[in-house]
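Okay, structure first, notes after.
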Amino acid sequence: MSDIRKSLVLHGGLIALLLLLGFVLPAYHHGNLARVMVLAVYAMGYNVLFGYTGLLSLGHAMFFAAGMYGMGLTIQHLGFSAEAALLTGVVAAFVLSTVVGLLALRTTGVAFMIVTLMFAQTGYLVVLYFGEWTRGDEGFVIQKASRVIAGIDVSDPGNRYLAALALFAICLWIILKLVQAPFGKVLIAIRENEDRARMLGYDIFRHKLIAVIVSGTISGTAGAFYGLLFGYTGASFATVQYSIFPLLWVLLGGAGTVTGPLVGALFMFYLIDITSGLTSAYMLFAGIALVLLTLFARQGLVGEIRRRFAPWLP
Amino acid sequence: MSNKKIVSVSDSRRKALKTLAAGAGAFAGMSTLPGLVGYAQSASSEPIRIGFQVHRTGIGAAYGRWYNRTTQAAAKMINAAGGINGRPVEIVAEDDGTDPKRGAEVVEKFATQHKCDIAFGTLFSHVVIGSAPRAGELKLPYFVVSEGHHVASGMLNRYTLQPGITDVKSQVQAMAPYVASNLGKKVTMIYPDFAFGHDHRDYFSAAIEKQGGKVIQKIAIPPTESSFTKYFPKIPRDTDVIYHVMVGPAVLTFVKELGEFYGPNKPQIFGFIDSLEAVDMASPGLEFLDGTYFWEANPRYAQANQTSHDKAFRAAVGVDDNGASVSDSKDVSTYSHMFGCWETLYTVKAGMEAAGYQGPKDRAKLIEAVEAMSHIPLSDEHPQGAKIFNGKTHQVFGHQYITKVTNGKLVLAHTTSIEDTLYPDEVDYTKKSF
Amino acid sequence: MDFGPYLLLASLEGAVQSAVLALTAVGLSLVFGTMRVVNVAHGEFFMLGAVLAWWVTTFVGLHPAVGFIVALVVAPLAAGVIAAAADLTVLKRLKYDPESTIVATIGILYIIQQVVLMTYGPDARPVQAPFSHRFYTPWFGYSSYKLFVIGIAILLLLGVWVLMAKTRIGLILRATQLDREMAQAFGIPVERVYALVFGLGAALAAMAAVLIVPIQQAHYLMGGDPLLLSFIVVIIGGLGSLMGTVVAAVLIGMSDGIISVFFTPTLAKILATLLVAFVLIFRPNGLFGKRSS
């Protein structure tokens, strides 16, 4: 079987498995998985920039929040329908990532890290500054009546799961196509050795900019959906913590792999859930996991699998 | 494929048959005699599980600790007196990290994994607002102890109630008459630049204007600010009263630096005890607070008119007459907030008893029973004071206290009437469906 | 308040900020410059300094000044030893690969933070200043201890400069920074030097925290802001330049105080944050940068 075929079977199988789980999982894990799938989309967006292009951003929370607020504010203050609001969220993230990309890509490496962090901090402060509309850190509820996409009430757990799965599946497909296409291969080349890629004649800036835009827009889409599906928009999603989470998830799951983000998000979720029953210092386990990971499994969980057994994994 | 464990076939078949029989019996019982099952459950003293959403970590942690102690003390007291409807109360605590996303996940856990009857105990508003939608979807009664105006504003749902602690709107507006007539009419407000602070700004500005006063300067401090001196010059020289309410780990710094800045020539100062919850009044640098005033929901220091109920409450929770832990006098409590946990649990008990609560299918009945409450008298169950519960807005109203710092202690100067704290209804949850 | 005194007060506050920030950032800059790695746990060593100061002063009892002096010695030492140990057990094994180091130090960040949470707890606790004295200008009162902080920080920074410029150890550090292989060829035990530098960086941060903790409180989450700020300072000052770090610290510390004179606080913070971003966008090597990042 060709590599492309194999990956199609694997990823198609993954979606099928998630669909099946939606019908058999007990209520608690069912709800968790719906959340994790949306957050995995956020991580997948982050992965495009970090895992594939090699650019470490510490400010992705601003894209997530842009999507969330684009959706939330239009529903709350302009009475948009859910579909229009979601679209606005996606567009907001698109615009923001274009602007940020144009500015931030003038820097690289650690400076890029700081610039993205600074922009994200600004985003958070702006949300607080316009607290009259955004309700600042307190946030606001997206009322049940507004949470109807194409006639389907997503406050119902079954529908919500399917909506999350649909979002996940679509983004998975987009990213799969992206990384297997020539464009994706150039991104990897840039990650591995930027100078060589430039000397081969590729327009590095254009590629990086598109990577930032794709990454930011996907992250923002996740934000818009998260707010709508779970009924809450708030500034805590724009804080530094929410920029570090996707980095954690991607690292744990495997940077530069398509399924890594989902694995990482799932792993971290249950790590926290289980250890918070043992101690209030449950992030200790996350810290230990990270250190052990860098020492013994640098590529992350899926990355290690790819390295040892399945080099064809995208 | 089983070389693993040799169990005699007859044994395992016997076990299987037993399990099958028990299961079949239970199934038969459940489907034919529903009423009997309920009765059987309570007779076998199946506990009432209360999911306690606590801020063990994050910025709310200092409050979380005291909320936990008060909750455990109340549960112990309730169980010692026979529980609720003859069933013991079990507190299932989960840390929400003072984060709205985790808060919603924890509510989910209470409902679907821990099989709790209700969720309770959240303080910080953003966590409440982030968690309430999920509680509503899961049809889980969610009793918050938050002080936020979000419940009464109509933003939330019929499953969210706040029957044990008053909200910031009623607290703030009740202060205006005393401030205007005793301290001064030109006020400078210092508050944190997020929703909680904005509520203070908006409600107090409106209330003081009704008293003929005016807020002449509003200083909004950004969150996570750790040094405040640079903001003090913005206070106009003709200020009569400085009104302050600060939250977070830096509160002590705020008060100390205010003292350093002013020295002996200070205007009148009126603060909310939030600025000093869990902070020892005897801390160095706080001497300048002598002669200033504080709002307290529940006076930290035992007063001359201390009731037997306050005495009993302190003894149960383990707090001395200075509001500090009996085992460590430096461990000062969040006395103006934690009573909310005690009173909320007792309200839940009263509601469950009035509704004849047997299990999750009675959740709507429980809510209706609480909505039907109105006058709640001062008692051991409600030691902070008498209250009026508004079933339509799901919010309780009570006395507010103003104390003056005298020789390092907070001495009661004024008690508002409950009427001073009321405001027009903004929602009627009873008209909403379950 | 009139403009003049207001500016004076803002400048004093800015100076205190700058002093502490400079000390913390120099610690980070040393590590950056010599080892070329990003220590994301730097803020946690700062926090450790504050928490250890609380432990020490509470343990010692006696007069606050005594406890403070002991803390000023013990806390940085302890933080330095822990950091050196982390370097030898984890970072060395990673061969100082930049990306892995970032991840590993994030892990160390969580470990330190959570261990403090488990032992010291989630509360913010005050530490008494060694002396408590106010001086009064016609317009405001001010804590003399804050002036003391500025003074001590300047002394410590001078000490670091003397160490780097005039001593043999400093020579070894600078040699390792300039050319690692060459230094090794000359018999310098590079790995031990790295451990020393990593420890020194943490110790400086801890020392800055001991100085500031009587003004603020010791709290397990207090490492976040210093981390962020010292990063900004080091990048803007320019990688590899201690002088640049100090200048940038002064600039950023002072501007934070002075901008707030003119704008509402949140707006001031927004402007300050954007300013940092744009400085970096248009001068990616920072103000004094020697090499590209």
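To keep things simple, chains are lettered A, B and C as they appear, and every chain counts its residues starting from 1.
Heads up, the rule we're going with is that a contact is a pair of C-beta atoms (placed from the backbone, for glycine too) under 8 Å apart; a residue touches a chain by one contact, two chains touch by 3 or more.
Keep in mind the model is a prediction, meaning the values are calculated, not measured.
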Category of the chain touch graph - line, ring, star, complete, other: complete
Between A-B and A-C, the pair joined by more C-beta contacts: A-C
Chain B-chain C separation of Cα centroids, rounded to whole Å: 38
For chain A paired with chain C, centre-to-centre distance based on mean C-alpha positions, whole Å: 33
Distance between the centres, which are taken as Cα means, of chain B and chain A, whole angstrom: 35
Sequence positions of chain B contacting 2 or more other chains: 56-57, 193, 222
Shared-contact residues (touching 2 or more other chains) in chain C: 117, 122, 224, 266, 269
Multi-partner residues of chain A (each touching 2 or more other chains): 125, 128, 280-282
Residues of chain A touching chain B in the complex: 26-28, 31-32, 35, 125, 128, 131-132, 135-142, 144, 155-157, 230-232, 234-237, 241, 273, 276, 280-282
Interfacial residue positions of chain A with respect to chain C in the complex: 56, 103-104, 106-111, 114-115, 117-119, 121-122, 125-126, 128-129, 240, 244, 247-248, 251, 279-284, 286-291, 293-295, 298
Chain B-touching residues of chain C, taken from the complex the two chains share: 1, 5-6, 9-10, 13-14, 16-17, 117, 121-124, 126, 128-129, 132, 134, 136, 139-143, 215-217, 219, 221-222, 224-225, 257, 260-261, 264-266, 269
Chain B residues within the chain A interface of the complex: 56-57, 94-95, 99-101, 104-105, 108-109, 111-113, 125-126, 129-130, 132-134, 136-137, 148, 150, 155-157, 193-196, 198, 222-223
Chain A-touching residues of chain C, taken from the complex the two chains share: 38, 90, 93-94, 99-100, 102-104, 106-111, 113-115, 117-118, 122, 224, 228, 231-232, 235, 239, 266-267, 269-270, 273-274, 276-277, 280-282, 284, 286, 292-293
